[in-house]
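Chain IDs A, B, C and D follow the sequence of writing; residue 1 opens each chain.
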Amino acid sequence: MYLDFEKPIEDLDAKIAELKAASSGTGAGPDPQIEKLEQERSRVLKDLYSKLTPWQTVQVARHPERPLLRDFIAGLCSEFIELHGDRHFADDQGIIGGFATIESHRLMLIGHQKGRTVEENLRCNFGMARPEGYRKALRLMRLAEKFRLPVVTFIDTPGAYPGADAEERGQAEAIARNLLEMAALRTPILVVVTGEGGSGGAVGIGMGDVILMLSNAVYSVISPEGCASILWRDGTKAPEAANALKITARSLLDLKVIDEIIPEPAGGAHRDPQGTMEAVKKALMKHLRRFQGLSSKKLAARRMEKFAAMGRYR
Amino acid sequence: MYLDFEKPIEDLDAKIAELKAASSGTGAGPDPQIEKLEQERSRVLKDLYSKLTPWQTVQVARHPERPLLRDFIAGLCSEFIELHGDRHFADDQGIIGGFATIESHRLMLIGHQKGRTVEENLRCNFGMARPEGYRKALRLMRLAEKFRLPVVTFIDTPGAYPGADAEERGQAEAIARNLLEMAALRTPILVVVTGEGGSGGAVGIGMGDVILMLSNAVYSVISPEGCASILWRDGTKAPEAANALKITARSLLDLKVIDEIIPEPAGGAHRDPQGTMEAVKKALMKHLRRFQGLSSKKLAARRMEKFAAMGRYR
Amino acid sequence: MGWFTRKRKDAEQPETKEEVFIQCPACKAHIYKAEWEKNLEVCSHCNHHERMTCWERIDLLIDRGTFREINRRVTASDPLKFADAKGTYGEKIKETRQKTGLNESVVTGRGRINGIRVVLAVMDFRFFGGSLASGTGEKIYQAAAYALKHRQPFIIVCASGGARMQEGIVSLMQMPKTCAAIARLQQARIPYFSIMTDPTTGGVSASYAMVGDIHIAEPKALIGFAGRRVIEETIKQKLPDDFQTAEYLMEHGFVDLIVPRKEMKDTLHKLLKYCVAA
Amino acid sequence: MGWFTRKRKDAEQPETKEEVFIQCPACKAHIYKAEWEKNLEVCSHCNHHERMTCWERIDLLIDRGTFREINRRVTASDPLKFADAKGTYGEKIKETRQKTGLNESVVTGRGRINGIRVVLAVMDFRFFGGSLASGTGEKIYQAAAYALKHRQPFIIVCASGGARMQEGIVSLMQMPKTCAAIARLQQARIPYFSIMTDPTTGGVSASYAMVGDIHIAEPKALIGFAGRRVIEETIKQKLPDDFQTAEYLMEHGFVDLIVPRKEMKDTLHKLLKYCVAA
């Protein structure tokens, strides 16, 4: 699947495929024309992705082939034991979590789960968690605190589910409670924004000591479409809104809302999941080592200070 | 309303009423015959209630005119501010609670609420709480802990609600969680069993530093009817089961499951609610004073020890 | 902002019909202005609680002459240099400040409630719909820090449509920021009450509004996370009228008390006595 | 107790049909006894997990030769001097002890799981339906105290119909008592896992079974508070077949993992590694 702005790549790929088809079976050595085209493709791809507009970045962040949480788990963890349920009402599949091992590090991994197939999306509600998802996340974080395991959360959600049942069971309370408890949690919290960081639904598991973000992920207070329809009174102005909202990793780093950008391979995470995994793992390892054995009380105080500093510009 | 075993009282009351009707309007002084009968009545009542069988006690404990939680609140508290909701799902009315003032003592009062009218009973589900009731109770206990207020609970329930919805939302978990947290709560907990102490539904708010019990209340692992139908295979053997189960205040004191019996006025709490209130208030005041300013950490450890001792007979 | 103009109290002009009567926005009844004001802007027909300015709210709750504002100078900043179709956010801030006389969507300060010292933050819907932005978050954070330092109870009167879009992600980050402030109070066993007035929604409901020791709501106040229209579009159903009202929230376990405006101050005072060591 | 006789392994008698085949109590299929046993008493047709004795369970979970029982002598007492239509509880205790070789409905001890030291309590349904009574509570309390003292993880394998009626209120008080034991572990950050096998109901589900750091259930195990019949009488409706199964509990958020018997030991070992400092 090609995104709108990837037309040049699509064309090059078509040409390469054509040439390959023509030369296949000839037994000849590497075709210099194909090689040239492939170099050209690589250059164009790199160029395109180095100049993505915020709205194009949104499209990449939402790309249907972009790695999802379960892909990250498979790619990063030598072991993952999923733990279920909020001990109150349900086992929401919009947020999943469990014990995980990455290299030599044991930790509690929690994140939004989007689906690829229709059934997956039905089950995990397109990554839009209900209160039970946030409450499960909190339960697992407390478990991690008890056993002095670091918490790593992966953020990829269009937002918390705006359904009547979710309201009824306290979507607002669940997110607020998580923020209150994450502030004081006595174990390190590492956050990775991997895809869509959708507003309250994202920040509800996003209050960390360090916040990493994939280079083509986005993180915003409102979807560009939503913002456009309110402030521009025109949903098609989403690109303008995306631009105004400063939702790219680069902007967030400038605003000191995130700490570090994890560079994706050229062409985006979906073109090279393996390379993406390696980049994420490298960044995580660095910070896991950094937080290893850190005094938990000081840690929470510093986390509070970190967020207290956000939005102080005077 | 007279209970079965109160036939002698019913007869005496009828006679007294008859005589009073006959002598009414004559303007004469006190009728010596009536006075004699009233003395007789008083003697018989005292005698009857001093020899109640366990099954008769059950009937008194369930008496439809017996004071309910809201009666105790009205009778004991100069102020009561009800606080609502479990912050998760609902505001169960089978258990209610709030800030209360008794004499000079500020405290958190929590208890099972039964109803008298059909509407009341619909609302509070006959005092059979759902998980939300136990979770509300826990929330209020934690609030009391935060503000160093003693907790006073009033027990009067046929049991936790055995409904499908209650199971679905974790009746077992809710009660278990309360026991876990009450064990460690760093503020005094005083428990008064006022009516029916129905099994897990009762103990779910009944883990206190001191457990008081009205003299005609009962407290049991299973209802006499339930026990009879299982062990006697005959529900009508409830009186035998009541006897075997040792469910009266006297038996519980002997078993060291409760700490003190609050004597009801002759003829039971329903015949003299005012006297009952005074007796309860007196007992509460004594223990509230006793626990005032007690170190909260030591308190929890002692509470755990208190329950650890239950059932050690070797 | 027509609503604000409608209920200014200092109009000295000759009285026309609009100035003798107030029309209740809920039930449309015409009510004598004097009665409306005596009734604290609560409709005597339908019990509608009209939105109040932060100053009216402070008058209502705080003992006369005891309120001292803190951090008055903290004002809205423009971290994103935001502009939309209608102009720049910077311009809009300026206009709003002039129109309302406020620097941000919240006023913070200390004062007394029937003699009990408290720290208070009152949101004002006139300032960008009471939205939560960096200045709001900072003022709330600082007020909580003041309460912590002086070990005084902290009360927030919420009135907000949610996070302020024009400050984007920085607005969103005020949710964890304010919750960190409340977490510090929690750890120090300092009471924190949340009063939810109409409306308390979005990012405010999903942060400090919902983590109080005690949750108090005004009757019929709109309280919720997502907007009604969004929910209706999501579930493809019409929502019942009482959805997201204070009463609905109480039924579902999220509100301790619904308190009519007239009783608010005394109720706060009563509650405070249980939470403040004598 | 016919079930127990049915699956004794030490029968040395000439083989009759009953001794070559086992009939699965769930799907009624006839299964070779050898296969049944090799399969750890799990039906190869319907995945029914048959109840196990405490000793079978210990064999299953604990490294060979490492189990040491503690508080073996604690036995059922008769605080109420209880008697029903069929005789005295004292007599029944004696009979049950003889028949089962157990002193109470739980066996406690220490041992290793793939090398990791743990303290274990295993309930046995043969002893008064695995019911929770004073001896049960005391043994669990003491085992937890042992785990606390030695800072070793504590695991309870639940199999119980609930509190034991014959010890009345004293049985009921074992709920707070055992929860106090778990609370002490909690405070000391000692892991506590609850394994729920068929059945885990009544007073056991409403105490230690439901307050684990991790809740593990065997497939299809019956887990719940009230009995199915009581609930059906209360709500005047028939309950669905899967009501109160492990799978249903997991769906409703109360079980972390459903683990087939064959994988139980390795799963415990994997989980323990996250909870025990290396």
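The rule is simple: a residue touches a chain if its C-beta (ideal position, glycine included) is under 8 Å from a C-beta of that chain, and two chains touch if they have at least 3 such contacts.
These numbers come from a predicted model, not from an experiment.
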item: Remotest chain, chain C as reference, centres from CA atoms; value: D
item: Centre-to-centre distance between chain C and chain A (centres being mean Cα positions), rounded to whole Å; value: 34
item: Euclidean distance of C-alpha centroids - chain A vs chain B, Å; value: 54
item: Euclidean distance of C-alpha centroids - chain A vs chain D, Å; value: 42
item: For chain D, residues that touch 2 or more chains besides their own; value: 186, 252-254
item: Multi-chain contact residues (two or more partners), chain A; value: 87-89, 169-170, 173, 177
item: Touching pairs among all chains present in the structure; value: A-B, A-C, A-D, B-C, B-D
item: Complex contacts: residues of chain B adjacent to chain A; value: 87-89, 135, 169-170, 173, 177
item: Residue ranges of chain B touching chain C (in the complex, touch as defined); value: 79, 81-91, 99, 106, 132, 136, 143, 146-149
item: Footprint of chain A on chain D - complex, ascending; value: 186, 189, 191, 213-215, 250-257, 267, 270-271, 273-275, 277
item: Residues on chain A engaged by chain C in the complex (per definition of touch); value: 160-164, 166-173, 175-177, 179-184, 199-200, 203-204, 206-207, 219-222, 227, 230-234, 237, 240-241, 244-247, 251-252, 255, 257, 303-304, 307-308, 310-314
item: Sites on chain C touched by chain A in the complex; value: 74, 77, 79-80, 82-86, 133-135, 137-138, 141, 163, 165-177, 179-184, 186-187, 202-203, 205-211, 223-227, 230-231, 234-235, 237, 239, 243-244, 252-254
